[in-house]
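This is the structure I have questions about; it appears just below.
All chains are identified by letter, namely A, B, C, D, E and F, in their written order; residue positions are counted from 1 within each chain.
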Amino acid sequence: MSGLPVTGLAVRRPPRGPAELVDGFRGLGVATVHEAQGCSGLLDAAIRPVFPSPPVAGSAVTVSVPPGDNWMLHVAVELCGAGDVVVVAPTTPCDAGYFGELLATAMQARGVRGLVIDSGCRDVAELRAMGFPVWARSVCAAGTVKETLGSVNVPVVCAGQLVTAGDIVVADDDGVVIVSRDAAAAVLAAARARADREVVSRGRYAAGELSLDLLGMRERLAAKGLVYVDELPGAPS
Amino acid sequence: MSGLPVTGLAVRRPPRGPAELVDGFRGLGVATVHEAQGCSGLLDAAIRPVFPSPPVAGSAVTVSVPPGDNWMLHVAVELCGAGDVVVVAPTTPCDAGYFGELLATAMQARGVRGLVIDSGCRDVAELRAMGFPVWARSVCAAGTVKETLGSVNVPVVCAGQLVTAGDIVVADDDGVVIVSRDAAAAVLAAARARADREVVSRGRYAAGELSLDLLGMRERLAAKGLVYVDELPGAPS
Amino acid sequence: MSGLPVTGLAVRRPPRGPAELVDGFRGLGVATVHEAQGCSGLLDAAIRPVFPSPPVAGSAVTVSVPPGDNWMLHVAVELCGAGDVVVVAPTTPCDAGYFGELLATAMQARGVRGLVIDSGCRDVAELRAMGFPVWARSVCAAGTVKETLGSVNVPVVCAGQLVTAGDIVVADDDGVVIVSRDAAAAVLAAARARADREVVSRGRYAAGELSLDLLGMRERLAAKGLVYVDELPGAPS
Amino acid sequence: MSGLPVTGLAVRRPPRGPAELVDGFRGLGVATVHEAQGCSGLLDAAIRPVFPSPPVAGSAVTVSVPPGDNWMLHVAVELCGAGDVVVVAPTTPCDAGYFGELLATAMQARGVRGLVIDSGCRDVAELRAMGFPVWARSVCAAGTVKETLGSVNVPVVCAGQLVTAGDIVVADDDGVVIVSRDAAAAVLAAARARADREVVSRGRYAAGELSLDLLGMRERLAAKGLVYVDELPGAPS
Amino acid sequence: MSGLPVTGLAVRRPPRGPAELVDGFRGLGVATVHEAQGCSGLLDAAIRPVFPSPPVAGSAVTVSVPPGDNWMLHVAVELCGAGDVVVVAPTTPCDAGYFGELLATAMQARGVRGLVIDSGCRDVAELRAMGFPVWARSVCAAGTVKETLGSVNVPVVCAGQLVTAGDIVVADDDGVVIVSRDAAAAVLAAARARADREVVSRGRYAAGELSLDLLGMRERLAAKGLVYVDELPGAPS
Amino acid sequence: MSGLPVTGLAVRRPPRGPAELVDGFRGLGVATVHEAQGCSGLLDAAIRPVFPSPPVAGSAVTVSVPPGDNWMLHVAVELCGAGDVVVVAPTTPCDAGYFGELLATAMQARGVRGLVIDSGCRDVAELRAMGFPVWARSVCAAGTVKETLGSVNVPVVCAGQLVTAGDIVVADDDGVVIVSRDAAAAVLAAARARADREVVSRGRYAAGELSLDLLGMRERLAAKGLVYVDELPGAPS
């Protein structure tokens, strides 16, 4: 399983989850999905939306790229399609501007929903105008070369998480979480259940109820030794 | 005075400044207040608004939390009220997502004006939609546990500043400054005086007058040795 | 050539490029200009727009400032005029809030188009409301003093690039690039040619054509050894 | 309690703990002391020894300094003495080289045991040769000015912790921890007890015993659901 | 393949490479091994030796740990043995002091050669005295709790690389590289060949020969357009 | 003067200062030289010695390198000689391991005294054993390619400072400072004068005299308003 990523390999037909499963994640927050799958799969918090965008869910097309070289992104364009989210991982940490308006135009034409990159992107104003969402580590106007091979649709490590083509990528203003294809149905159900519970909680909190009561915390807090006082001891009155 | 923060203590009735005093800070910028109190009280510049918000001023409810544990925020909800700003300080540096939509709903229901945290927050899109402003060090979808006690309304060190419950918290797009309750009236007067002077200066600068003249800087610059030349010596003509 | 920057010198009449040349850069992206001049002149990617702004191009007025001291910005106001962009470089790394609303008002009154600073700025809300764009390393409410001389319109190193008064500064959401005055005409022509080519490419990509074909990459990829497979070898079917 | 630090105040006779109490901490590790006082008082991990030094324990002389100004360190020299450790906190984050060989010579002549600074130091080679230990955030050759007042022996926030003159400072290769004077006797006893237990544990671990058995962890691990298997399920044999 | 790491699983008999193969890497530098396997497998450069140590090569025992919880390290002690290097990866970025003297004593007693952790370690002075080498992201005196399960000998992502139990870990003053067990024999041969070539090159360079000649670079440099001049054009003579 | 660095140019005979002048800086500290030339020329404090080394002074051979490409270092070897210090500046920020043992062997054979690089180096153990000192931003085992031209002995910006071939490079444990060739004689004299004064001061401080008295600070402190008190007002007695 180690030794990844492979170099010089382009996989044409990666697995993809059923569209209705993938799309089911779209209304759910990254934080909710992360907890629903046991607090796993979250990309490093340094990966941020380049501009505020609606949330996205899609099937991962993975791209392993050498430092400062975006050639494989051009290869990836041909291999991605409607409902995909492209996930780009440099083999060595690097903050160049791998991705910009032209590649976004090509991907958007094929139905790609967004891109996640553990490096830099550029043409921010144009991407915002196009409505093509990007989650990246940095913004950098310096471009890249096209000299060295990487791979498409092989497993990659992106921002601290292993991502396999066909995994589900869920991204919003809070960050990006990866759901494995095998676990997707179960995670979706658990996430929906959490979201439903949160709707109820929100209503009760908005009405002034306290989580101390709703979640029955008072006894456990007392058992742990929490002491309530009216005023801070020793404070000047 | 050291050895703070105390653990396992929840103070029910922290001191609060008179509302008219606290509210008086709302129209004043953080930079102005910081200078008006002798360049003190400013939180580390890493504490940034999570999204652009109107400025806020309120009375501090302080929360000391263990790393990765937000239990005391639930305790704090009951102890805060209209006009408060909640100030959260982990006892060890930690960037987890301590605070999100549900706690914000509960606090907003009680009249809390915003939250300042020397750690992470999540549910950014929902917080923006609710109009509940947060100043934080990071955005992180990873949540926290509820296992270990901290304290509410004890003195804390938040982002490099000592904050005591009842201090006035002033926050805007430039950051966050803390004003001690005892000094608040004097600082407010000084800040207003500065703001008034700035209104005058702004008008004169907008009309093309120079600070060199308005502030009488020319003599002091000359005395320090500033030399004016028409062209850079040695530059090609 | 070394030993820069000089201290205590204010140059009144720095060279400026012809307005039509400078203004020609306004519609061109920083990434495009950077590549058109051979991938040089780009400021460190840590220099970011303080808020989203329209792109700017102008003639550099350079300001060398001591750490934590913005006195020379007041000197610079008198020496800058319509079409200029002020470029501020501390002699020692420093993140204080050198620049705010009052200086912006004074510069805007003289026709200055924006400011680039390898340090901090403040009064973010006011600058946004005024429409005076700033590219900075940080936002910091803490101000500066006026005690020590620097220089105006001497060569400075700003965010890793040498900037000479009269250089052309091009800034947008992607960052800031410096074009030397001597090279400006040639760079402008090259950048326009790139931009024109990109318009064509964008149209063809939007229509679904592939860069693999348009740029003739397939042969070179094959020569480098890229292998296409339908499925990842060893993956569970 | 807020509004600290006071500016322009030099306190001549700060409280100091009994020498035998202070000296008792010298053989104890920072990690041990930190745990013995309930996981509190630890300075930010960015504060590191500038070169490897023997551990130090002493009575805090606190110095509040403006950014880039070390004047108050000269004032502090006169106010510190045998057994002290000087703790320096800038009022604004700043990495200048506040402290070097000459001040170290003056402090060493008075019996000061070391210095902790939430900023930069310089003359590293000379300090190492003198054997005067320093814990700092950075090394920086750029010096400071002597223009603005701060204070000596007022409470300061240093690297995230409140420090009061007379607190006990314990520093070693792991970092720096502050013990409040009032709690010192109890913390010392608890730290010694921990250290004694660790001596026993170390001997048993060195002999091959397992903490799983010594600390009785096996049952709790099983209760939490830990499953032992001989081989990773699904791994190729 | 995704969804890793599994939680709550302890694998007793991970695969291990033949000792003579693992030990063969000991004399080879991390940089050499990294290049010999096609520039892959290198951990993030933020992972540094905590103190200068002799180079280490061993078989990976992997430990997946929750943030701020080192319980699984105690479980790992029982499952590791002579010739192993323990590789620790938190599931969420975290800089606590997971590892110190007592665990090192227990591991050293079982023949473990060192530890690599994408987080913090403590007891630096004691580890140095014991001669137990550690590669870590940080030094932090703050300890961890023992509340939550992780796993031992499941695949983990550590500092940006996937590591499987039984992979070979090579670590020296330059950093840490992972070699997959399947590729180890081939990588070892390639690395030895590189090292042999470097011995020859070193001798010739030490004798004053130039790589320009030895590696035949002059023609390719000229073809790319390198121009030699005696003096910088335009420089003052 | 802008538009630097030039690409594809190798200057064979850069200016060099007289050896006795260059060598005169060797005994002087970087901090002293920095102040003697008016607090200018200091490289960013992120440039640190890779291992503790004796101080170095030499004549700069400058190398401008593309990101991730060390080809020009091979070109530089031929163009450097006895008494030189090589200064390497990537045109884009990049932390690859540009420099290691083989290049060091070749440079040492030609009498080069050390290397300063605003990027990464590797083979740390070997460099230490050879006694070839390096000041770098990082240590990174990942190597570079040899595909793209840069230049040798053209002006570069290295770690925030403009460096011209023939400038004097002074480096020690505190960092690196650049002295322009034209100013070298005057700076050397000023630095020696400072060093001589420091010898006197050190002796008097070691004997217990106070800088407050030696430097006559007491009156100015009083004039600024410094107040001495015996105890902190309001502190518990």
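Methods note: a residue touches a chain if its C-beta (ideal position, glycine included) is under 8 Å from a C-beta of that chain, and two chains touch if they have at least 3 such contacts.
Fair warning: this is a prediction, and the values are worked out from it, not measured in the lab.
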item	value
Fitting subunit A to subunit B on CA atoms, where both chains share a sequence, rotation angle to nearest 5 degrees	120
Chain pair equivalent in interface to B-D, over half of contacts matched, among A-B, C-F or A-C	C-F
Comparison of D-F and B-E (more C-beta pairs in contact)	D-F
CA centroid of subunit C to CA centroid of subunit D, Å	42
Computed distance of Cα centres, subunit F from subunit E, in Å	30
Subunit D, residues touching no fewer than two other chains	39, 42, 45, 92-93, 95, 142, 235
Chain-level touch network, classified as line, ring, star, complete or other	other
Residues of subunit A touching subunit E in the complex	1-5, 7, 37-42, 44-45, 91-93, 155, 157, 160-164, 167, 178-183
Of subunit E, residues touching subunit B in the complex	67-68, 92-96, 142, 147
Parts of subunit C lying in touch with subunit B, wherever the complex brings them together	8-15, 51, 71, 74-75, 77-78, 95, 97, 100-103, 105-106, 108-110, 120, 122-126, 128, 138-143, 146, 148-149, 153-155, 165
In the complex, subunit F residues that touch subunit D	29-31, 34-35, 39, 42, 45, 48, 52, 55, 172-175, 177, 198, 201-202, 205-208, 210-212, 215, 217, 221, 224-232, 235
